[in-house]
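You will see subunit A twice below: alongside subunit B first, and alongside subunit C after that.
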Partner chain A sequence: MDIKDIIKPENFVYGKSKVLTDTVMHYCPGCSHGVVHKILAEVIEEMGIQDKTIGISPVGCAVFAYKYIDIDWQQAAHGRAPALATATKRLYPDKYVVAYQGDGDLASIGTAEIMHACNRGENIVVIFINNAIYGMTGGQMAPTTLLGMKTATTPYGRRADLNGYPLKITELIAQLEGTCYVTRQSVQNPGSVRKAKKAIRKAFENSALKKGTSFVEIVSTCNSNWKMTPVKANKWMEENMFPFYPLGDIKDR
Partner chain B sequence: MAFKGAIVVDIEKCKGCSVCVANCPTQTIALAKKVNSKGYPYCYMENPDNCTGCGNCATVCPDSVITVYRVKI
Partner chain C sequence: MAEKLLKKGNEAIALAAIRYGADGYFGYPITPQSEVMETLMEEMPWETTGMVVLQAESETSSINMLYGGACCGKKVMTSSSSPGISLMCEGISYMAGAELPCLVVDVIRGGPGLGTIQPAQGDYFQAVKGGGHGDYKIIVLAPASVQEMYDFVGLGFDLAFKYRNPVMILSDGAIGQMMEKVELRDPVRRLTDKEITEKYGHWATVGKPASRKGNIISSLSLAASEMEAINLRLQAKYQKMRENEVRFEKTMCDNAEYLLVAFGSSARICEGTLEIARSKGIRMGLLRPITLFPYPETAIREMLPQLKGIMSVELNAGQMVEDVRLAVNGAVPVEFYGRMGGSIFSPEEVFEAFAKKFNL
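And then the complex of A and B:
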């Protein structure tokens, strides 16, 4: 069969979400942020809530998320997305509010904000991109950096005696009464992308049911600062990140 | 039931990351020897006859540049 006979509107099965803008993302080739943006846009499109969703973008590589996903946005100071999300949700209780944060943003400078927003059980969705590094600023150690992992500030590898232990903040958040759904996902292959999308969808549905805070961690790559090709970074993540940050639901009620 | 597929790549927006290539179960796609205007080698169907239209490549593409078509045969 000729390719021309296949590439016809009636044979369309999958393409770019209408909730994504045409702006080319500034992310490095192969960056997990792009995949997560895509599935977030798809969930918003499929739920028909484009004009009912307000995103809060972080400080970090995802600072420009507002250019790529065609919803209303605010951009928070570093780590303060949960505070801004709280205010936004309380002012507009009928909207869906989603805070999108990196691990430096959420688990370091913004630890207080995320803990208290989750403990208050704000009816928001939090998407937490854990790439174990400060991506935007050139690859410094994050609280989530694995032991032994080389970064710009741990050139010989992270040491527990000097740098402390990697922080499983998602497990801590699951302890808080205010959270209803806490899960850890990834986006490196088609199966994991579909699972992560389902998790994000569930988080949005929980919001409508006023069940409390839904928290979706995506174990991610930062191939540029890990100094690997995108494909190698995905493999490294599977081999090194998943044993320490195991995938799956941590809390669902 | 068998399927025959084909993809269209938005060449100018492809960043040549190769994540799609690694996730194609039928070795349909590869990175071109040529580059786009940004200097990235772009994804193309090297073996178009292999494509089943499974959509794996488009699902993992961080830049959403692949559109998938499929017919039953």
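And then the complex of A and C:
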């Protein structure tokens, strides 16, 4: 049998989402962003909402999300994505608005914007990539950097007395009346990818039901700045990140 | 007959926003402009025109809500006063860079810092010369009456969409708080979502149909050559503004030998100074720039052959006078008189300063 006989639509077991562009991603091999982009694109495709979804990209590695997911995008100033999303959703209540943010963007410079957007119960989807480090700027301490973790600005490890404690912002957000769904997921193996995709789908469905803000944290790896191989980074995340940032739904109503 | 009301400048802004078909107002309380949002909340336009009115958690958030709303092709605006505008400057720079239309109202108070809540014009540089980072310009309109506060909302939106650029109404605590007669213009209805998609769907984030590529609104371009090309395009746009949008008003300028240049509330006060000067036989005129960017430098330059001297009169330490001097380029003496920190001059005081500076 020739290879040409095998490559037929009826034999496909897997395909790239039509909502993903063909642009080669700038993300490092092993980075979680690519997987999250993939499942986000799949959810948009499966729900048939490509023409109704407006994305807000952050400042950070995912600033270029607009190159990879084929929807209309707004590129926000650092930390301000929830403000853009608020206005967009209020002015277009029947569209789907998704803010995609990293830990520095969401949990440091943009803390006020995310807290108040969630507290107002804006009917938006927030995807929060927590890899405990600033990726784009070269591996500095993030608000979510674990104690003892070495970064470019904590070269001897994060110390509570010098640098404060890692911020569990997702738990804080779950306290807010405006949020309807707050969950923490990961994408380091097929099972976790399926769960994370389910969570993102639920967040979009909540948005249509106008139940309030849906917030999906993805505990992620940044193997380049963690200075590990992708495999080792996944293991390190499971052993060190998950105990402090436990996976699962924190709020679902 | 059009309806006439007695209103504060700030209230006029709010009424105009609804009647000029604004889609969204996003703001944060700060004296002396809080009546703008208070009036909007009392009017409840979401029940009538469908306009969104939202109190944000900060001015930083307000301006970024404008960024989001403007990306959608909607008519969005905010208002604030000096310290709040400082916080917004980041967002204004981003919106200028991303070429987004919006209207920002600055009701200036005395500074620097927390300063005072009294009127001043100390934010001329911030509005006209930048405020935020990078080589950008915004159109700056300077109202001198409550009627102009109202009218410039409509004009401001028109210019913002004509150039896809932020426009600022640069007012002050005096114009914002004083009450005057204001004539309400015929209402302009809001565009429907369908109309917005037809008009702005080629650039706005209105949801991507299968027929086109995704619209991406961003001020980011990492390649230096691309960023320079964007800058050149922006500068060409600003040049078009200079060519087409200069607005000013001349009073008693035909036979004037001396010229006062003043904007906003200073210009109102200088009208009294003109009367004093003319009663003493001094041929004084007043040029009131209505657009501070683009600046009416040609209008000033054209008067030079008839002039013995010019005085710029401002409620600051001397900011616009730099633009007057650039226009005059040393051809005649250019003096300055101003007060700061919320203190206001009287027409007599301005005349005395003028007489002293020109030995009259």
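Criterion: the second predicted complex is superposed on the first by the 246 of 253 C-alpha atoms of A that agree within 3 Å, B and C clash if a C-alpha of one lies under 4 Å from a C-alpha of the other, contacts with A are read in each partner's own complex, and residues count from 1 in each chain.
FYI, a residue touches a chain if its C-beta (ideal position, glycine included) is under 8 Å from a C-beta of that chain, and two chains touch if they have at least 3 such contacts.
Keep in mind that what you see is a predicted model, and the values were worked out from it rather than measured.
**Student:** Could you tell me if A:53 is touching subunit B, subunit C, both of them or neither one (first, second, both, neither)?
**Tutor:** So A:53 only meets subunit C here.
**Student:** Counting only touches as set out at the top, which of subunit B and subunit C does A:245 meet: first, second, both, neither?
**Tutor:** neither
**Student:** Would you sort A:204 into first (subunit B), second (subunit C), both or neither based on which partner it touches?
**Tutor:** neither
**Student:** Which of the two partners, first being subunit B and second being subunit C, lies in contact with A:11: first, second, both, or neither?
**Tutor:** Once the two structures are laid over each other on A, A:11 reaches subunit B alone.
**Student:** Who does A:38 touch here: subunit B (first), subunit C (second), both, or neither?
**Tutor:** After superposition on chain A, A:38 lies in contact with subunit B alone.
**Student:** Quick check on the superposed pair: does A:181 touch subunit B, subunit C, both, or neither? Answer first, second, both or neither.
**Tutor:** It touches nothing on subunit B or subunit C.
**Student:** For A:231, using the defined touch cut-off, is the partner it touches subunit B, subunit C, both, or neither? Pick first, second, both or neither.
**Tutor:** It touches subunit B, and subunit C stays clear.
**Student:** Once the complexes are superposed, what residues of subunit A are shared between the subunit B interface and the subunit C interface?
**Tutor:** none
**Student:** Any idea which subunit B residues touch subunit A in the complex?
**Tutor:** Contact set of subunit B toward subunit A: 4-6, 8, 13, 15-19, 21-23, 40, 45, 48, 53, 55-56, 58-71, 73.
**Student:** Enumerate the contact residues on subunit C facing subunit A in the complex.
**Tutor:** It comes out as residues 23-24, 26, 52, 54, 56-58, 60-62, 64-69, 71-72, 74, 76, 90-91, 94, 98, 193, 204-210, 213-220.
**Student:** Report the residues of subunit A in contact with subunit C in the complex, numbered from low to high.
**Tutor:** Subunit A reaches subunit C through residues 50-54, 56-57, 63, 66, 70-77, 80, 83-88, 90-92, 95, 112-113, 115-116.
**Student:** Hey, which residues of subunit A end up touching subunit B in the complex?
**Tutor:** It comes out as residues 1, 3, 5-8, 11-17, 20, 24-25, 27-35, 38, 187-190, 193-194, 229-231, 234.
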